[in-house]
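Labels A, B, C and D are assigned to the chains in the order they are written; within every chain, residues are numbered from 1.
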Amino acid sequence: MDFRGIVRTWYQISETPLSMERAVAAVSDPAAGAIATFAGTTRNSFQGKEVRYLEYEAYGAMAERTLEEIGTKIADKWPPVTGVAIAHRVGRVEVGETSVIVAVSAPHRKEALAACSWGIDRLKAVLPVWKKEVFSDGEVWRENEPGGEPP
Amino acid sequence: MDFRGIVRTWYQISETPLSMERAVAAVSDPAAGAIATFAGTTRNSFQGKEVRYLEYEAYGAMAERTLEEIGTKIADKWPPVTGVAIAHRVGRVEVGETSVIVAVSAPHRKEALAACSWGIDRLKAVLPVWKKEVFSDGEVWRENEPGGEPP
Amino acid sequence: MTRWTVRLFGPAREAIGTDRTEVDVGEPATAAAVVEAVAARHPEIADLLPRSRVAVEREYVDPEARLRPGDEIAILPPVGGG
Amino acid sequence: MTRWTVRLFGPAREAIGTDRTEVDVGEPATAAAVVEAVAARHPEIADLLPRSRVAVEREYVDPEARLRPGDEIAILPPVGGG
């Protein structure tokens, strides 16, 4: 059998820990020879200052719709792609925990890797989510670097 | 605390199923903000012919050494990288099962994604492993496309 | 003048201390006119607004986009997801 | 003439039906000389050998590499990992 286009999608804005296994399972497909994933995790420091934890806030309804749009654009740009899963955490996220997962399956590695990389870049540019870094002596809303494609 | 260079490595030539969770855990690090992974899985068809299963054969001692060398080269090329895990399956691999995993952690996504992509390209060019595709009506040793850097 | 409810997020929400505000805007009611009215009412986010974007009905819009009664309007400061 | 044991893998191993073979090579004993001797002894892999590489002591070597007694020598057909 020959599958064409995305047959498997999974999008999640989650208040509970994200599961890499679940994302990989969501994009697994007998026609896929490659699965590329990206996971963003909370670092213990930013420019030398110790991070205690992060707080993510989302415009929930728009964020879910945005994840779907990113998946649709990936399917347009890389038609062989067989699956896209994107999940983003909201609320308090501890150091070492995963804040975002992007997983893409495709018949061959080039498309899976390129689409995954594009997906996380796009997400950082357009997903309506805000991040507060909490230090022992203060806190700051951390903006992503500009440079992604405009929405 | 500030970590420099690879602090976590894990290399495996395995006769049993590979674990993405284990590879991700192997590269997880409090200083890492990004984990990129690539998994190669057995497709159900090749150029329209139904694949029943794969057989991978390795030059075991050299293959393990080669995985280490790939990790070392990644650390040379992307000094911020904090972890590299590479695992390759040998023996009979069923459709849908994972034959290879590359996982790279780094403070930022650019290095993690670039190093992971380079790692799987390099592996396909130099790892002394041979793949036989078994169809319902025959079998063939499948060579990787040339084009990786020479060893 | 028509009254519009505007949702606020992240640093804008925190600076104002509420997750929605109301502003009166004359014709033509554009996204830019709403932002201007929010800036006038909440000077504490005046520096944030030029870097913010506007979403209408959960989609990014250009400043000149016209608003229709009942539209869900939101001011989105620079995002930080990922 | 010195006798060398050569390990065989993948399609080379399968075509010959054994995972190692022995060949006699005169001086200078290079990787290329061993490949030539294997080709002479096993014509069934003559088409595979020009695309194969040689490893000595578990490292790829150039054709002109000199062999030392006791070296582990292997002929590696085009790889297919991943």
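Keep in mind that, in the parts below, a residue touches a chain if its C-beta (ideal position, glycine included) is under 8 Å from a C-beta of that chain, and two chains touch if they have at least 3 such contacts.
Everything numeric here is computed off the predicted structure, so don't read it as measured data.
Visitor: Could you run down the chains that neighbour subunit A and subunit D together?
Guide: B
Visitor: Taking each chain's centre as the mean of its C-alpha atoms, give the chain farthest from subunit B.
Guide: C
Visitor: Just the number, please: Cα centre separation of subunit A and subunit C in whole Å.
Guide: From the centre of subunit A to the centre of subunit C is 26 Å.
Visitor: Round to the nearest whole Å and give the separation of the Cα centres of subunit C and subunit D.
Guide: 72
Visitor: Return the distance between the CA-based centres of subunit B and subunit C, expressed in whole Å.
Guide: One centre to the other, that is 47 Å.
Visitor: If I count partner chains per residue in subunit B, which residues reach a count of at least 2?
Guide: Touching at least two other chains: 40, 109, 120.
Visitor: Residues of subunit C that touch two or more other chains: which are they?
Guide: 82
Visitor: For this entry, which pairs of chains touch?
Guide: Applying the touch rule to all chain pairs gives A-B, A-C, B-D.
Visitor: Report the residues of subunit C in contact with subunit A in the complex, numbered from low to high.
Guide: Residue list for subunit C touching subunit A: 7, 9-11, 13-14, 53, 55, 58-60, 74, 76-82.
Visitor: Would you mind writing out the residues of subunit B in touch with subunit D in their complex?
Guide: 40, 56-59, 61-63, 65, 88, 99-100, 120, 123-132, 141-144, 146, 151
Visitor: Where on subunit B is subunit A touching in the complex?
Guide: It is residues 1-2, 20-21, 24, 28, 30-45, 48, 95-96, 107, 109, 112-113, 116-117, 120 of subunit B that touch subunit A.
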